[in-house]
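Each of the next two complexes has chain A plus one other chain: chain B in the first, chain C in the second.
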Partner chain A sequence: MASEKYDVAKHVLVPKHTKLSEEESQKVLDKFNVTARQLPKISKTDPTIKELDTKPGDVIEIERKSPTVEKTKFYRVVSSA
Partner chain B sequence: MHEDLAREYKGKIPETLLKEFEKQSEDFKLSKADAKKVLEKLEARYLASKINPGEAIGIITAESFGEPSTQMTLRTFHFAGVAEAQISLGLPRLIEIFDARKEIETPLMEIYLKSPYNSNADEKKLEKIIAQIKEINMEEVATSISLNLTKMHVEIRLNKKRMKDLEVSDASVLKQLKISIKTSDFEENGEFIVATPKSKENTLPLLYMLKEKIKEVTVKGTEGIKQVLPVNRNNELVLLATGSNLKKILEIDEVDATRTTTNDIFEIQKVFGIEAARNAIIHEALRVIQDQALEIDIRHIMFIADLMTTTGVIKGITRSGITGEKESVLARASFETPIVHIMNASLIGEVDMLNSVIENVLLNQPVPLGTGLPGLVTKMKKGD
Partner chain C sequence: MEKVYKVVEKITFGLLSPKLIKKIAAAKIVTPELYDREGYPVDGGLMDIRLGVIDPGLRCKTCSGKLKECLGHFGYIELARPIIHVIYAKTILNFMLCTCKECGRASLEDAEIEKHVQRLKRYEEQNNADAFRKYTKLVRNLAKANKKCPHCKAKKELVKIEKPTNYVMEEGNKRMFPNEILAWMERIPDNDCYILGCNPEYSRPNWMIQTVLSIPPVTIRPSITLETGERAEDDLTHKLGDIVRINQRLFENLNAGAPEIIVEDLWDLLQYHITTYYDNEITQVPPARHRSGQPLKTLSERIKSKEGRFRHNLAGKRVNFAARTVISPDPRIAFNEVGVPTEIAMELTVPTRVTEWNLEWLKKFIQNGPKAYPGANYVITSDEKKKKISPESQQQIVDELVVGQIVERHLIDGDISIFNRQPSLHRLSIMCHKIRIFPGKSFRLNPAVCAPYNADFDGDEMNLHIPQTEEAQAEAESLMEVQTQIISPKHGLNVIGCVEDAITGLYLLTKEISMPKDEAIQLLISIGVDKPERFRKFKENVSGKEVFSAILPEDFNFVGFSKEYDGKTVGDPEKTAGYVYVKNGKMMNGVIDANTIGEGNGTLLRDIHRTYDTVTAVDLYGRIFRLGNAVLFKRGFTIKTSDADMLPEVETKVRKVVEDALSEVDGFISEYKKGNLKPMPAKTVEATLETQILHKLNKARNEIGKIIQRSSNPTNSTIVMAQCGAKGKVLNLAQMAAIVGQQALRGKRVEKGYRNRTLSLFKENDLSPAARGFIRHSYKKGLNPVEFYFHAMTGRDSLMDTALRTPKSGYLYRRLANALQDMKVEYDFTVRDANQSIVQFSYGDDGMDVSKTDNGTIDVKKIIEGVRGE
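Moving on, here comes the complex of A and B:
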């Protein structure tokens, strides 16, 4: 569904989003000692994950550019809303 | 110098610090043993400056914002001279951002252009681009829009000269009218365009309404963009636009879709997603603070932006936003409109587990903060 003329992922405000496999997401959850429900959420209709083929419950890894530590990883779980 | 040492510490301390270390170690020509000592100290200091579990960071952020913003109110309203464009600044704007208002007072876009168009050279081309961006509505191209009461229709007389200047054709005007207002028929009739409502009960108020509607039809450009102002910024031509319509603007060919932004955070969320909205909140809040020459650590702003975006949509710091999301009845009641919250809670029999801070303050109990957070578990000796 490439209806837009512009590429959302290329915008300066948009960090890189990747979908984690089940193993990888389990690793992340273990690292922070949380359940998927406790992670911050990202809407399943979010334009950044449209092309990642996600379903609710998937963990998305976000590579943020941070003014304090340059690069950090952030995780969000796809919510059903 | 000492890259191998630095590599060892990768992941243990942030990259900004490592870069600084590499730069400094070169400047001071550190020996390997010294460099190692520095890194050890660096790691220790970094770990020591981390926030402890149970630290009340919310209140630290609140205070860090609260104190400088009292200064801001005093300074906001007195400006000398003329600004480029009227924009809301200072405390009102900060409140607007953190309350996550849907309708912001002064929507503003920064439109960047693609490479050949962003130099000052080609004025003709620039005018054409601006014509695509700026909204032109019926009122601007019509000399008169009048009611004909005997025939019960609206007559629109077009300003041909103005239309030629703006490069709007008769046909496109007619087309836009037909698309925008589906409830009436439009016909070209000599000098006029005649609009007749389709409904059979053709009354005077209906005709008046039609006239007002016609005035606001966009015949050319992007809906919502009221004014466009080209400015020179770092040797680059940037268009500042009052009004905001991010989606439509990005679809224009000459616009650089990788840098063009708006100050409307909800539009950014809709077009670029929640992470971009978080960045926009940080950016907008930081701009207000820097405009006022105040200093608030960016970590506080990042924290608020994180908080506003954890649910996947922007939530303001209001009773309908993040405070309304709180589990505890007493916590919600202690923020705003207590009676409403307590009444609703009692109607459905809500239970308060007293898990958080504010409800325990209300009940004069130890709060789960700092040393109050961890519970102690004792291992009893068997047989005792």
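Moving on, here comes the complex of A and C:
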């Protein structure tokens, strides 16, 4: 623990983040009829996606728990800032 | 005036160059005089009629428009010496620090300058104003850091600002005059300007030092004529007069070759006047005043702050046809009505177009005139002339009334109005009501609509507006009328329901009252139910349930639960206790209480709203409300001090519970003192003790509440109100009758006061209930002084808490509402902002419209049953 850095993505309270492939992200954009700029953003330095090897413009899929529906999917686009 | 329609594509802000100022000017101002001896504006004076006219009868010399046709024209004056513009004093300093005094070049190498130009041009093309601004700041800092001019190798002049408008060289503390600075700024080449953040196309640094001054049109600084016939000039005109006068003197002195000291003095004076002309609230400058000592209101004071143009005139709208007065309750009018005093009805009017069908009817209004109700105040003739109705003109107007004219008649019953109570926090704060005219001076409203307005009758005032066109009236009626707002958009529950007396009345009616046939019929007729076929079915003695059933439609079915329901028993709705069952418009089982007809959870009301059209539903609601009140009128209902009396055996029981609890608490304390108390998880021993004591004492109080409830007489009115949910809780009665209980300060027992004790009459570290705010007496018996003191402590605390929290949370809500105001659920259920950017991918994750649900849930089974007709 002392030498290794703790990976926050493994924490129980952090929902599952996955990087979408080109086609998958295009599907998401088509489904909601938006450009990547209109999706919510996530910083490229966000600790939860540090291990995902992302570049600005990638779409991240987040599977969250919800009080109204068991699970929901949320999408965020990696921003350069 | 000719109208021009164009689409605004972009707006650029810039400075006026001296050339432009002269170009837009209609006149050059040369004299401080305003009027000649005849009172006619002087040519070349500040009120020159080339700048527009403010007197009726005169014509503008520039555009030949009359008053109100001519919007006014700018003029200018030539300043004898250059003057620093206060607002740009800092910007000028920035340019001085970034450039060389000798050659005027920015203190950067040519190659570097070229690089910055390219980069900034790119930002400009991308329309990226933020990056542009950030980058120019960076360039300025680079230039400032350079102490030597790379072009002419001269040493950089370091300049300080002496507020507000004087510049001093750091070396030798020598003052730098505006004409020197002007020459310096003129030397800065266009490209160098550009990289320092000043686009030379629109503004150049030398324009920040003024050589000519633009004079605003007279129309923005009109003079007013006092009753005495004297003319009072606008503050701006006064200020401009000072400027022109000093400027003239400076010119004369310069021409006469006056000594430098005199010239400098006048120059500084001119600078002062022009500075205060722009801004009269600069800290370092004494404000220019009237002769009365009151400071002048000059340009920036006209614009900024709460009384300025934006917040006062542009954001703050005023309307006509509005009224405001105190509100008072009237349960006999419908909840979609508002009682309006005759006095107000005669002032507010509705424009009514004359047609061949209403001609005779409207004539009667005019004949009544403006002073009798219902009358009319104005008639607008077919050629759009407004005629005031007066005793003299009355007869003529009646005779001349033809189809097509408009009569502004007084309000009458049934007119449309918009009713509002501030703060207007949600949609339901502004609703449409139909008008009912009443004598008196207050607005009357049905207590059932207090909840959405958050109104009470302790002196609240409300506003009333009268829509003036048929379109507005129709829109208000169909979108904003109270019956369209019964279901709240935030949770799908009804915000309008029975309150207080109406609940008690219906509860008593359906629970215990029965009456002879004639009385029942009388009662129903008095609330507007006239159904002979139903009355015929009544037997000699009519039960309350039958009376209630008589107001329900015959095809109405309902299954619900009253407050008695234990929450688990499932059984035949016709027999099981706690069920409320209506079959084919006939009440079979249960009692009506707050759970079925109250506001916020009136399940019966909601089913009515869902089953029937609005007209039927509103009619039904009105009948339900009125029946409840009428029953109570007929029966009579009162609370009395003996409601809080206890039977001797109950009193003994209560005393035993209290004493048991106290001795148990004593046990806890002695255990703690001995050190035997085991701490609860994540708590210290002290905290454990506190929790245990609080728990025990609260349990005792709840137990006493139950005892009181069980033992009380069913005719006890206080209990009746608590049971049906009309007002109060059993706990309140228990506090009156048996025991007030533990006083809590911020969720804890009372701890404050002296060192280790609450009051000086206790020993230090006394943890007993009595020393920590436990009140074992009842309100009726009276509190002892110590108890009274603790009670006052918590009372004051909660008073302060509400007084401080209301404005805090109100502002918080306002900010939240402003931040979220353009969020919208789109057709694909995504929540998006004004840029169409997604905020949530499906509204509430499930895409459900909350206003169509029962507090966020949908009972699918009920829908299926409804469809299958079960």
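Note that the second predicted complex is superposed on the first by the 76 of 81 C-alpha atoms of A that agree within 3 Å, B and C clash if a C-alpha of one lies under 4 Å from a C-alpha of the other, contacts with A are read in each partner's own complex, and residues count from 1 in each chain.
The rule we apply is simple: a contact is a pair of C-beta atoms (placed from the backbone, for glycine too) under 8 Å apart; a residue touches a chain by one contact, two chains touch by 3 or more.
Every value quoted in this text rests on a predicted model; they were computed, and no experiment measured them.
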Touching partner for A:P40 - first (chain B), second (chain C), both, neither: both
Which partner, chain B or chain C, touches more chain A residues: B
First, second, both or neither for A:S79, with chain B first and chain C second: first
Partner chain in contact with A:F32 - chain B first, chain C second, else both or neither: second
First, second, both or neither for A:H11, with chain B first and chain C second: first
Partner chain(s) touched by A:T48 [first = chain B, second = chain C, both, neither]: first
Touched partner set for A:V69, first chain B, second chain C, both or neither: both
Overlap of the chain B and chain C footprints on chain A, listed as residue numbers: 40, 66-69, 74
List of chain B residues in touch with chain A within their complex: 14-16, 19, 250-251, 253, 257-259, 261, 268, 270-276, 279-280, 283, 298-299, 302, 306, 309-313
Residues on chain A engaged by chain C in the complex (per definition of touch): 32-34, 37-40, 66-69, 72-75
In the complex, chain C residues that touch chain A: 828, 830, 832, 835-839, 841-842, 844-846, 848, 856
Of all residues in chain A, those that touch chain B in their complex: 4-8, 10-15, 17, 40-43, 46-49, 62, 64, 66-71, 74, 76, 79, 81
